[in-house]
Amino acid sequence: MHRSLLARFRQGHRTHRFPREAPTLPPLYRGMPRIQSEKCASGCTRCQEVCPTDAITFQSGKPTLDMGHCLFCGLCETACPADALTFSRDYRLAVNRRQGLIVGDGEADRAALVETANRVFRRSLRLRQVSAAGCNACEADTNVLGTLSFDLGRFGIQFVASPRHADGILVTGPVSENMKLALQKTLDAVPAPKVVIAVGACAIGGGPFRGHDEVHNGVQDIPVDLYIPGCPPNPWTILDGLLRMLGIETPATQK
Amino acid sequence: MWTFLIGCSVIELGGLFALLLLKREKAARLIATLFTVAGCAVVAVPVFQTLFGDGTAPVQLPWHLPLGEFHMGMDVLSAFFTLPVLILAPLSSIYGVGYLKKHKGSGAHYFFLNTLVTAMLLLLCAKNAILFLMVWEIMAISSFFLVTFDDHLQSVRAAGWTYMIATHVGMMALLAFFAVLSHQKGGFDFAALTADGELSPGVSSLLFVLALVGFGSKAGIFPLHIWLPEAHPAAPSHVSALMSGVMIKMGIYGLMRSLTFIGEVHASFGWSVLALGGLGGVVGIVSSLAQHDIKRMLAYSSVENIGIVCMGLGAGMLGMAFQNPALVALGFGGALLHVLNHSVFKGLLFLCAGAVVHETGTKEMNHLGGLMKKMPFIAAFFIVGAVAASALPPFNGFVSEFLIYFAGVQSAMTKDVSSIVLAAAVLTSLALIGGLAAASFTRVAGMVFLGEPRVPLKQVPKDPGWAMKMPIVFLALMALALGVASPLLIQTVADAQLPVTGADATLRVVAGDIVPSLNGISLVGVAVIVIFAIIAVLYRLIAHRKSVALTRGPVWDCGYAKPSVRMQYTPSSFSAPLNQMFQPLLGTRTALSRPSGYFPKSGAFETIVSDRVKDMFYAPLFRLVARVLLLFRILQHGHVHIYVIYVAATLITLLLVTAGN
Amino acid sequence: MTEYRPEYRNVAAVPLKDIAQSEMASFRTQVQERVAAGGLVLSFFGAPIDMEMNLICVIGQAETGALHVFRTAVGESYPALTPTIPQVHWFEREIAEQWGIRPEGHPWLKPIRFMQRAYNGKNILSADGADVQVGVTDYYSMEGREIHEVAVGPVHAGIIEPGHFRFQCHGETVFHLEIELGYQHRGIEKALVGGPHKRTPFFMETLAGDSSIAHGIAYAQLMQALTGTQASTRAEYIAAIALEFERLANHTGDLGALAGDIGYLPTLSYNGRLRGDYLNMTGLICGNRFGRNLVVPGGVNFDLSPDTVSELKKRLDVIFRETRISVDLLWATPSVMARFENTGVVKKEDGIALGWVGPAARACGIEVDARAHFPFGAYREIKVPVASQESGDVYARARTRWQEMENARTFIDTALSTLPDGKVRADVDVMRKGALASNTLVVSLTEGWRGVVCHTAITSGEGRFAAYKVVDPSFHNWFALAMSLRDEQISDFPLCNKSFNLSYCGHDL
Amino acid sequence: MSWMNAVPVLIGLILSPLLFGIINRVKAWFAGRNGSPLLQTYFDVFKLVRKGMVYGTTTSLIFQLGPALVLTSVLLALLMVPFGTMAAPLSFKGDFILLAYLLGVSRFFTVLSALDTGSSFEGMGASREVQFAALGEPTFMLGALLMAIYTGEMSLSGMVREIHFEAVGGQSAAVALLVAAWMMLLLTENSRIPVDDPNTHLELTMIHEVMVLDTGGPLLGMVTYASGIKLWIFSALIANLLVPNLHAGAVTQGAVFVAAVLLIAVVVGVVESIMGRVRMRQIPKVLVGATALVATGLIMTLAG
């Protein structure tokens, strides 16, 4: 007992004041991409060429970036000779429409792209996580939400074992052929109403495994209520998405 | 009393008619049943007169040497013990009409069934030791023939054999008991035997031990219970119900009756009965948890319930020794009420189990499962029986156990050391038994009726016809009624023990003392039903409302592609932790061929259920008996029935010798 | 007489012609002899070389630090090695599934990944040659109606990767556990053939997301060998520092999770947070908490500024002290020790026979550690002691991990203090045609936090990958988990599982 | 019985889910985090009631009706729990026996509902539940006997009325043993560490939650609420042993009592924060140990 107490005092209280305070992100963090096509040299497609997942496409000479495929590796930013494509430090990337992940010129109000989920879940949301052939990094960064700093439980969100106890599923990974049935069975086992959350580039579009015979390019044929892009998304990005879905406001990145 | 005898004759006559109608099976069943129902109705008249009215006059016929007198009389104790007979005999009979449809030999079967019923009724009213012993033997032999109904099966013959030996070991003890008693008091009439007369402590102890062995072996008191789990499963289920529900109670009756002969009850008698009861209760229920055979499981549960009855008896006897009237009243009261309650719920359970065995053709629980969907009626009523047998409110099992608990706590109020020890013993064993009973009955109900079948069945099982359903419904209602109407019964129960305890005035007072508690229990019992109904309806309205989706899907299988029935917990697995814990009491062995090497090819596991008492004591004894019988090979014809006749002949000879003294 | 046996060191590029193609019989003898001499089968796979199917076996000899490579041509079947060398059982199942080559006499020939469209178009493991539905196979099954099977997965409690566990139980006792994986199979090895492509480095970092650095280093070393470049010592130091941070983060997380599995709250809570702190230190080095994009062929992408070095030192000091407080609670709490000790015991001889690696092996006294025995990068200069325990139970595995954490901390301190100067990245363009040596084989080993990571590449005549074989330590160790459950209580499974914490995706690829 | 007697029951009905909130808050403090809201269980139940259902294909009516019986029996059991010096609405000699058996009813149907799914997980949980419950029963009964002997009362309300420090006097050591034993019982019966850990969500290690693994929506809401009431019952029983008769007004006395109940939740939280679970195989020893504690108390009476 005394050892535990002693350890407790040495360890201290560790929960971050989020969402009242903005999270601290590493100096080199790459968040929301920003495109200024007016800076593009005509005919330059350097960014498109280096992109490992073909997230960048050109339409009438202007680049658009699909965050659903983006691995946030930064190769395009490095490759761009004109600083037309940069990554900001904005960690609030989650949207609830697939289309909302496509970044073109200018800055849309991303925060507005998440609508509040069924009000039933406002103070109690239990999720069943389904790991469908990812690399375990999204799982790790989802798991970390349960730790002291993030303390997911304080928002009434909990990960549970049985889908019967859950209000939705949180999917990671590109959905391999081998996991397709299990994913469907899990979803079917959740009582209605339910939400589906796709976390990470793999779950949204297959990520680096896009186009492989063995995978289904993420969650297809199932309506998704929330997309959280990244490879893996930073835990703050995931938390931000969940909270905004529940109608809780989150702070912008500290400048 | 003449009414009583007429009723008995009607029943026996039904049996005889059935025997005569040998070839016309259906008619035999119907006639016998009709006579049983009618006879029991007639018998009920004097019984009710005795219990609630002025009683009935005894009958004494001059019946000359050498067998004493035909003296029949009914006091409240006898009347109370006829209740289980009157309830279960007609119901078993009716059930048999449906159950035996596909069997041959209904006529003979019903002859023995009606003889058994008649014998039990006569036994309860016999007022003469010789008469008593004779009907006792008739009861034993007729039930033997009922047990060996399916005598083409080796297991059934073995069970009959065990039963025969056990019952005659008891018979010897009874012969000795009455011989010593009549030697001490003179005469065989109960009036003479009950008469005051100082017995030396040695003699009374000897008598007590003889009575305990003699009646205890019939009742299935631990460690004399060994025939019970053999015989009950072997018999057709309505016979099991009658034997387990009623016949073994004759042993309890005998024990109580013998207390009136012995005179002063020493504390040591009470402690022994209490200890045997507690131990038997625990061993019985723990053994039931280890069984694979549904009927053996129920039989061991009877051992447990006899244990509970004995705890009540023991407490009551200690009350007599301590001169604590409250303890006397509550102890005996609990025991008596439990006799009645047990016959109702155990009858119910056996009849339901019978339907299962009848439909599926197996008693092996590890092969059953999921019958709820095929036999919803039987499943629902079996669960009712299981709840009652686990002594859970609002059913009847709870009330009688409550009385015994109450006896314990009440006695502890005196704060004297022995009373506290008694209370602690009663509470600990009853609580443990209660918890284990819940384990055992959730196991049998859950594994047999819920989930999915473990082995594909040859035919689709279905609920039985009305002949088999009706008795089940009746018994279930009875279990509920006895559970919630206990305040109405308590006076009868208090009165019924008067012949043994004789403390009229105090009994009524004490009985009054417990009435508020029983009222509370009844209230809660009714409330359970009402509130449950309300919540269930509310749930139905909320969960099945239109605005939310209600779907069906596979039970959560972790998303696996191909779940199988092997993924169900097995009955054996369910009880494995408890069985391991109580292994020293059980004698269960395991045969394990372990997966060996890195890539094992084979492996197997099974548990071999046994009974420690049987292995350690009876098996050697039986071997000895068998060896002795080998000496008489000349008489041997290899048929169990023949042995019975030899045994019976021997006994009657012994009887005559005894009577001649 | 056996033939001449060439020996190689870790990360040597060997021209294919130097690796003689033996006859099957002599191949078998050679492999058996090496294994009998204490060799560990690091990799054993099928690869088409010059239109001909070859079996290639890489064996490491910890005592000498030598690597042996054997190869033989193979037809539709060959006599299985498993009956005499149990540690290749999983490899042979893989060969059968992947290439349709039947190892005759394999005691448990079933799929390991439940691949779709096996590479040569037919699946010899199913009756009709069609794909086998995942997880549906002939499980070892005990006889007796009293036995029940527990089937766990693919969707497990908690946020865990998918796999299927099949227990043969009676009551609470587990007689046998069989593990079927493959749910995470996403076709990486197939996609690597013909590479390197622009996705190749991303595949390497997502083989097992919690071992991005280990696999990243293995890949970078291998590419350096193929391109004949050398990373600077400074770059090697930074990569090794990142590798040790990866070790610290994962061991910390797992020790916390072990506490969590037995409901011991303090260490669970503290370690969960501390793991994040180690990840954040990796984040400080390269911007990504998992070290993505840090290690590349030719060195590392990010240099450490003097400020970063002192910041790392300072943080490590504080965080490691806090970790020690948290972990010490485990050893000091009797209720925890009672759960750890004598739970999930595995035996050393089984470990040797079945070829276990990493902390799992070291916890039962098998001292094999690529950092010490097959040194690479900075480990050639800064020696790391081999942590080990004897008892082979959960406690031993926890304790081994803690020793490794202490060693890692010392290593990082030393490396940060003695960080040499220099450029951190040599210019090398692996995508350029002709950049890679052709017809060459390279074996590249690193010691990830789970154990030895083995990448083997074979290049074609055009200098592209003809085969790229990844063996994650989990590939060796899954069977250890199964063995640890024999006669164990099923309620202790999560604890045993976590004490190994093997990778599903690293196995399934 | 007057309307006043209904107040304590209402308080129990209203406050019982709060106990989980308190336990979680205490655990959160020990961990150094904010933790889930105090009212989380209320939110959960409220949400669950509004959700839909998925019934397992193997399940029958038992599965649907089981939770209703569970709730019914704990509700009735609550009626028999005294509220400090205020008698329970339903009180008679030997009422504690009925209370124990009503909890038995709830267990019986929890187990049957679990077995109705035919899943090995639920079977596993059910097997554990019946085992540990059977071993826990004697602890409760002997404890009540001990109280009865001390106070000379046979009803819970009577015992509680009579138990104050003056009356118990020199026997406080025995009462302390009883409190310890019942605390162990509380932890067992309510699936708390060191016996069970509902927070791991690991199918293979849990006891109680694994039995309701397939229960969702309103059914789970009922089960959750019922488990709150059950925790309240056990906490209140122990609080009754601890709260002295202050000879104060009903409101003060009631407030002190409620505080004591909540304090027990704090203690549960502390226990959960500082120790790990015992091995499944060792749990029987814990329970037999609890019975031994009570038995020691009884022997002390005999000696005294």
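Per-chain numbering from 1; labels A, B, C and D assigned in written order.
In the analysis below, a contact is a pair of C-beta atoms (placed from the backbone, for glycine too) under 8 Å apart; a residue touches a chain by one contact, two chains touch by 3 or more.
If you're wondering where the values come from, they're calculated on a predicted model, not measured in any experiment.
More contacting C-beta pairs link the chains of A-C than the other of the two pairs A-C and A-D.
If each chain is reduced to the average of its C-alpha atoms, the one that sits nearest the average of all protein C-alpha atoms is D. Put simply, the C-alpha centre of subunit A and that of subunit C have 28 angstrom between them.
The mean-CA centres of subunit A and subunit D are about 41 angstrom from one another, to the nearest whole unit. Mean C-alpha positions place subunit B and subunit C at a centre distance of 64 Å. The centroid of the Cα atoms in subunit A and the matching centroid in subunit B are 67 Å apart. Residue positions of subunit B with contacts to 2 or more other chains are 548-549, 551, 553-554, 556-561, 567-569, 573-577.
Multi-chain contact residues of subunit D, defined as those touching 2 or more other chains: 30-33, 50-54, 120-121, 123-124, 127, 201-203, 213-214, 217, 273-274. The multi-chain contact residues of subunit C, meaning those touching 2 or more other chains, are 134, 148-152, 154-155, 157-158, 162, 169, 171-172, 266, 269-270, 273, 333.
If the chains shown are joined wherever they touch, the resulting network links each chain directly to all the rest. Remark: subunit A residues 1, 4, 8, 11-15, 120-121, 123-124, 126, 148, 151, 153-154, 156, 158-162, 164-165, 167, 188-193 touch subunit D in the complex.
Those residues of subunit A that touch subunit B in the complex are listed here as 130, 162-164, 181-183, 185-186, 188-189, 191-193.
Residue ranges on subunit B touching subunit A, taken from their complex, read 548-549, 551, 553-554, 556-561. Those residues of subunit D that touch subunit B in the complex are listed here as 49-62, 64-65, 67-69, 71-73, 75-76, 79, 90-95, 97-98, 100-102, 104-105, 107-108, 111-112, 114-124, 126-128, 130-131, 133-138, 140-142, 144-145, 148-149, 152, 154, 213-214, 217-219, 222, 284, 291, 295, 298, 301-302.
Listing the residues of subunit D that touch subunit C in their complex gives 27, 30-33, 120-121, 123-124, 127, 193-194, 197, 199-205, 272-282.
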